[in-house]
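Mind looking over this structure? Questions follow.
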Amino acid sequence: MSRRIAVGVLGATGTVGQKLVRLLAGHPWFEVRRLMASERSVGKPYGRVVHWLEPEPLPPDLAAMPVEPAEPGGCALVLSALDAAAARSIEPRFTAAGCAVVSNASAHRLDPVVPLVVPEVNPDHLQLLRRQPWSGSLVTNPNCVVAGLALVLKPLQDAFGVEAVELTTLQAASGAGFPGVAALDILGNVIPGIANEEQKIASEPCKILGSLADGRVIEAPIVISVQTTRVPIVDGHLLSMSVRLGRRTTPARVAAALQRFHAPEHVRALPSAPPAPLALLTHELAPQPRLHVGLGAGMTVSIGQIRPCPLLDVRLVALVHNTIRGAAGAALLNAELMVREGVV
Amino acid sequence: MSRRIAVGVLGATGTVGQKLVRLLAGHPWFEVRRLMASERSVGKPYGRVVHWLEPEPLPPDLAAMPVEPAEPGGCALVLSALDAAAARSIEPRFTAAGCAVVSNASAHRLDPVVPLVVPEVNPDHLQLLRRQPWSGSLVTNPNCVVAGLALVLKPLQDAFGVEAVELTTLQAASGAGFPGVAALDILGNVIPGIANEEQKIASEPCKILGSLADGRVIEAPIVISVQTTRVPIVDGHLLSMSVRLGRRTTPARVAAALQRFHAPEHVRALPSAPPAPLALLTHELAPQPRLHVGLGAGMTVSIGQIRPCPLLDVRLVALVHNTIRGAAGAALLNAELMVREGVV
Amino acid sequence: MSRRIAVGVLGATGTVGQKLVRLLAGHPWFEVRRLMASERSVGKPYGRVVHWLEPEPLPPDLAAMPVEPAEPGGCALVLSALDAAAARSIEPRFTAAGCAVVSNASAHRLDPVVPLVVPEVNPDHLQLLRRQPWSGSLVTNPNCVVAGLALVLKPLQDAFGVEAVELTTLQAASGAGFPGVAALDILGNVIPGIANEEQKIASEPCKILGSLADGRVIEAPIVISVQTTRVPIVDGHLLSMSVRLGRRTTPARVAAALQRFHAPEHVRALPSAPPAPLALLTHELAPQPRLHVGLGAGMTVSIGQIRPCPLLDVRLVALVHNTIRGAAGAALLNAELMVREGVV
Amino acid sequence: MSRRIAVGVLGATGTVGQKLVRLLAGHPWFEVRRLMASERSVGKPYGRVVHWLEPEPLPPDLAAMPVEPAEPGGCALVLSALDAAAARSIEPRFTAAGCAVVSNASAHRLDPVVPLVVPEVNPDHLQLLRRQPWSGSLVTNPNCVVAGLALVLKPLQDAFGVEAVELTTLQAASGAGFPGVAALDILGNVIPGIANEEQKIASEPCKILGSLADGRVIEAPIVISVQTTRVPIVDGHLLSMSVRLGRRTTPARVAAALQRFHAPEHVRALPSAPPAPLALLTHELAPQPRLHVGLGAGMTVSIGQIRPCPLLDVRLVALVHNTIRGAAGAALLNAELMVREGVV
C-alpha cells in the first residue's frame, strides 16, 4: 500500500470525532483529508472550534485544516462520529454518492442490510453489504457497552452457548460526549440510568452474535436484562454480569475459553487490532478502569472476577474502553477490515 | 422517661463510632457516658484522638471526655462499633458482665442465639435473647448493604415470596471506615470487589427474613448472587438488583407493595425510626446517592427504576445510607427497640 | 409580624433559584408567592421544569405551583437569581414597577446608586437607596468569592487597615450553575480560570469595604491580585490568601480580630444571620469544604492556616459556601435587612 | 555504550519506586538488577508484594525478581525512592560502599556537599561531589513542587532576576504515595496543607538557583511564601504563583524568556530529557492536569495564565507531573547526567 487512503471524518469536533482524528494521525493506511462538522463550525480552522480533550496535543496541520460541511466528495472512505439523529439523514447522502461509510452512530445498526460488526467476532457479517441497495456501503460498530459485551460473549457462545445475561453497567462520563453529563449531576454521585442505552444493550448483541443464513442475520436468542449506571470516572465502562450458559460448565473452563479466544488471522493483522482482544486479569481486584482501560491501546477488553453464580451459571466483570474499543477504535478497526476485504 | 439512660460506645474513634457519638448527642433517651477505644487512645481527650469526619462540629463536652479502655462498667447499655476481630473478643466480656450490647460488628451476626435485627423487618427476633446463655444480652444489626436489601425484600417476601436476587452493588468509600480505601485506589476509579462483603450479603438476609419456630430462626431460602464494587463517592450504597419472586406479578404491584410497607406501630414510634422506611422515587433517574441518601435523616431506603426483568421477575435500584441505616443508625434503632421491649 | 410577606423569585429554576426556593420554604417572614422563569418553563408546574438538585425533596405545594413569566405584579419583594444578561433587562422592569428587588446578579453591583451589601459588613450602604431614581429599590449581594472575602477583610480593615491581597481561589462546580461545568472538563482535573470572575473579585470588595460620604461610596483602595481555579468538588469555595495590612501586627492579633468580629445587633437578629459570621478553626488542616462548608447553615465563613507571610503580612485560608453565603443566603439576608430597615 | 549499566532501586515497592521500575524497563542505558525494599517484602517476588498502580502491566521478568534487603552490592548505581527517615540511615551505607546514589528523598537535599539538581537548571552543581567525604557519590532531586518551580524560575532569574514568589499549590493525591491520602479525606474535598511540604518549597529553590563559588553553593535570596493544598486528582501539581522580579518587564517578555528556555546541549541529549523542559500553552484555560500532565512524557512543565500582577510583577500558573518530573523522572534524569559526566 504505497499511498495512504484519503479519509473524511463526519462529526469531527465531538469527543468521538476528535478521538478518531487522533487515532488517524499517523495511521499507516489512512490519511485525514476532510474534517466535517455542523454548520456553525464550517469554514473555521478545526483547532479553533474543537474543544480538544485528548491528552496528546492536536497536531498543527490538523488544527489548521478548515472544517467542511457534511457533504460527500473527495474521500472514498468516511468515518462517522455523528449522533443518531444526524446520522439518519446525513449518512445516506454519502452511501448514495458511492462512499464507504463506517459509522459509530446507532441510527442504522439494526437495519437488516447493514452489518453491525466487531471484527474479532463477526467479520463475516460484511456479506450483508451485498444486499445494500445504494452504490456505496455502510458498516456500523455497536454501542460502547455492547462492544465489550459481544467480545466476552462470543467465546462463551462458541464453547457453551449463551442463553441469558444479567448485567449492571458502571459507565464513564466520556460515553455521553461533550458537554454531555453536567458536573453537578455526577460529582460524588451515581446516576442510575442512561437514556436509550438499555434497549441498545439488549438488542445489539443478538445481531452481532447471530448467524448468517442466505445472506441474512439470524439473531442469537439471548435474553439480556440490564441496568445502566453512570459513575464519576472519565473513561472505561465496567460490566458486572452473570451469564446463563447453554450447558453447565466450570468457571475454570469459562476462563479457559475466554483465554484462548483470538481473532481470525486476517483480523489480527489489521493495524488497530490489539495483540489480544481479551485479557484475563488474575489480580483479585481487577479489572479497574483507571489501571486497565488502556490495555492493548484501549482495544483490549479486560476480564476478572470469574466465579460461579449461584443463580445463573457464571459471574464475571469486564472492562471496555468506551471511546476506543467502544467507539472510535471500533470504527477504525471496521474501516481497516473493509479495506482488507476489498470493500474500500 | 425522666432520666436518660447511660450509654457506652465501643470503638468510639472509628467512623461508625463517631457517627454513633453524633447521633447520641441530643438523643431523647440516651446519654453518652463512656467513650471506649483501643489502648493507644486511652486516657486522652476524645477530641484529641478522633479523626472527626462528621459535617457538624464535635460538641465540646464530648471532645473533652477522656477515652476509656474497653472494659465493662458504668453503663447498662453499650453500642459497639468495633471491627469484627475486636468484637469477637471484647463484646463477650460485656455480655458476661450483664450489659446489653448492640453491635454493628459482623462477629456474632450469624450466631444462632444472637438476633440479627432490622426493627421494621424482624423485631420479633428479639425472642432469641431468651436463649442467650450469658447474663447480658447481645443484638446485632446487619451489614450495610443488607440493611437496605432486607428492607426492600421484606414487603416483596410478604406479598409474593422471594426466591432469588441478582445483585450488583456500587458502594461508597465511607463503608470501609478510616483510613479505609486509599485515595490512589479509588479516585477516578471503580474497584470490583470488597473483602468479605459478598458472603455477608449472601447469608445475612436469609436470617433476617427467616421465621421464628420454637425460639429458633428458620432461614429464608433465598439465593443471592452478588458482585460488589466500590465507587468514588463518600456516602450511599446503591443496589442494582433483579428479583425472582415466588409468584408472577407486575411492576405496579411490586411498587404498591413497597409503597405501603411500614413498620409495626411500636417500631414507628422509636426516636430514630424514619417517617417511612422506604421511599419510592418517581423521578426517572432516581435514586441518586448525592441527592437522596439523606432522606429520613439517612434512615429511609430509596427505591427507583422498578420495571420488569426479562429474565427473573422485577428489576429495581435501591439506595441505603451505609453509615446511618447501614451502621450507626441501625445500631441505635436496635437499642431503642430493646429499651422499648424492656430488654434494657 | 403576623402575616408573612409575599415574595417572588426571579430565575427560580436555576441552581441559585432553587436554593432560594428551599431557603424560603418555612421562612418565618417570607412566603413564596410567585416562581418566575424563562419563556420555555412558563405555565408548567415548577416541579416539572426544575432540575432539582437540593438534598431535601421539593415540597409538593411548591412543585405544583405554575411557573410565571418574569413580569412585575403580586409581590412587593422579589429575589432575583437571574444571570447577568437577563438581570440587566428584567430587574429594572420590577424596580420601575415599585418592587423591592434583591439581586444576586452581577449586572448592577457596581452601579453607584445600587448598594452592594453584606449585612455584617456594610449595612449602612442601604443609604444609597435614597439616590435611586426609580420607584422601587434595588439591593445586590456580591460575587460568591467576594461574599467570603469581604467578611474576612472587614475586621482586618477595621483593626489594621488592608492594602493588598494576593489570592488564589479553589472554586466548586456549583458556582457555575446548571448545566454549568461539563463533567469531562472537571472530573479528575483542575481548570485554571473562570470567565469574568477575576474582575469581580478585584473590584467588588473595594465597594463593599468603601466608606459612605455624602450618600456616596468612596471605594477602599485595596489592590487585589487573583487567580481563580475550578476544582472537582460540589460546594464550597476555598480562598488561599496573603494580605498586606496597613500596619505590622502578629498572626495572633489577626486571629483575635477575626475571632471577635460580629455583626451589628440588628443584623445578628435577622432570621438568616448565623450565630457567628466567621469561625476560626484550630484544627491544623482546616478549613475543608466537605467538613466545614455547612457551618452556620452555610452562612458562616471558616478560617484557618493563619500565619505570617514572609512577603506580605499574613497568610490564611478561608472557606465560603458559594451557593448559600455566596448567593441565595446572601440575597435572603439582604432581603431580611431591607424588611428590618423598613425598605420593604 | 554496548552494555547496559546495572541499577538497583531502593524503596522499589512504593509509588515512586514502581514508577522508577517502569521507567527503567526498556531504558537504553540502564538495566534493573536489584529491587530493594523493607524487611517484610524481602525474599518474595516483586510482583507479589508491590501494589502496582501503573497503567502499564508490570513486565513478567521484573514481577518474578525477588525483593532484596537494602544493602550495597552488585550495582554501582542506585536510585533511591526511600522516604526521608529511611534514606537518612540507608543511603549513607551505599555511598560508604562506593555506590553512586541518586535520591528522591528529602533527607540530604540541603546538605552543603550534596548537589540538589535539576539537570536543565543547575547541572554544574555536580561539582559539589568533589567535596563529598565518602567513597561513593550522592545526588538528589528536589521536592515535586520545586521540580516545577525551579524550572519556571530559572529563565526568569536569568532574564530579570527573581526576588519573591507568592505561591498556592493544588497538589495531586499521588504525591503522598500509597496508601497516602485516605479516600474519606479527599473525595469531594480540598485539604489546605501538606505536612512538611511548605518548608521544602520555601528553601530548596534557593539552593537550586544558587550560584557556585569555591565549590560551594551561594543560595539565591528568593523569598517564597506558600500555601499548599491537596485536591482530588491523581497526578499533577498545579502552581498558582505571582512573582516579583528584579526589574520591571512585561508579561510578553516573561513569556518570551520562558519560551526560549532550553537545556544545555549535553542535558538535552540525555535519554529522559524532554524535547522542551517548558511548554507555554496558549489555550485560555491551560494548563490543566488531566490534559497536559503527560506532555514530554511527564517531563515537560506546562505554563499558562501569564499576565501582570497588580501587586508583584507577573502572575502565571504552572503544572508539573509530580511523580515523573517531580520524582522518578527527575531521579532518572539525574542518573543519566551523572553517567554523562563520568561520575558513574
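In order of appearance the chains are A, B, C and D, and numbering begins at 1 in each one.
Operating definition for what follows: a contact is a pair of C-beta atoms (placed from the backbone, for glycine too) under 8 Å apart; a residue touches a chain by one contact, two chains touch by 3 or more.
Note that the structure is predicted; figures quoted are calculated from it, not measured.
Common partners of subunit B and subunit D, by the touch rule above, are A, C. The most distant chain from subunit C is A, comparing centres defined as mean Cα coordinates. Subunit A and subunit D have Cα centroids lying 39 Å from one another. Along subunit C, residues 53, 187-188, 232-234, 290-291 each make contact with two or more other chains.
For subunit D in complex with subunit B, the residues that touch the partner chain are 15, 53, 173-174, 176, 178-188, 232-234.
Per the touch definition, subunit D reaches subunit C in the complex via residues 164-166, 168, 170, 187-193, 202, 223-225, 227, 229, 231-234, 236, 238, 240, 242, 244, 284-291, 304-305, 309-312, 315, 317. Within the complex, the subunit C residues that touch subunit B are 52-57, 187-188, 234, 290-292, 294-295.
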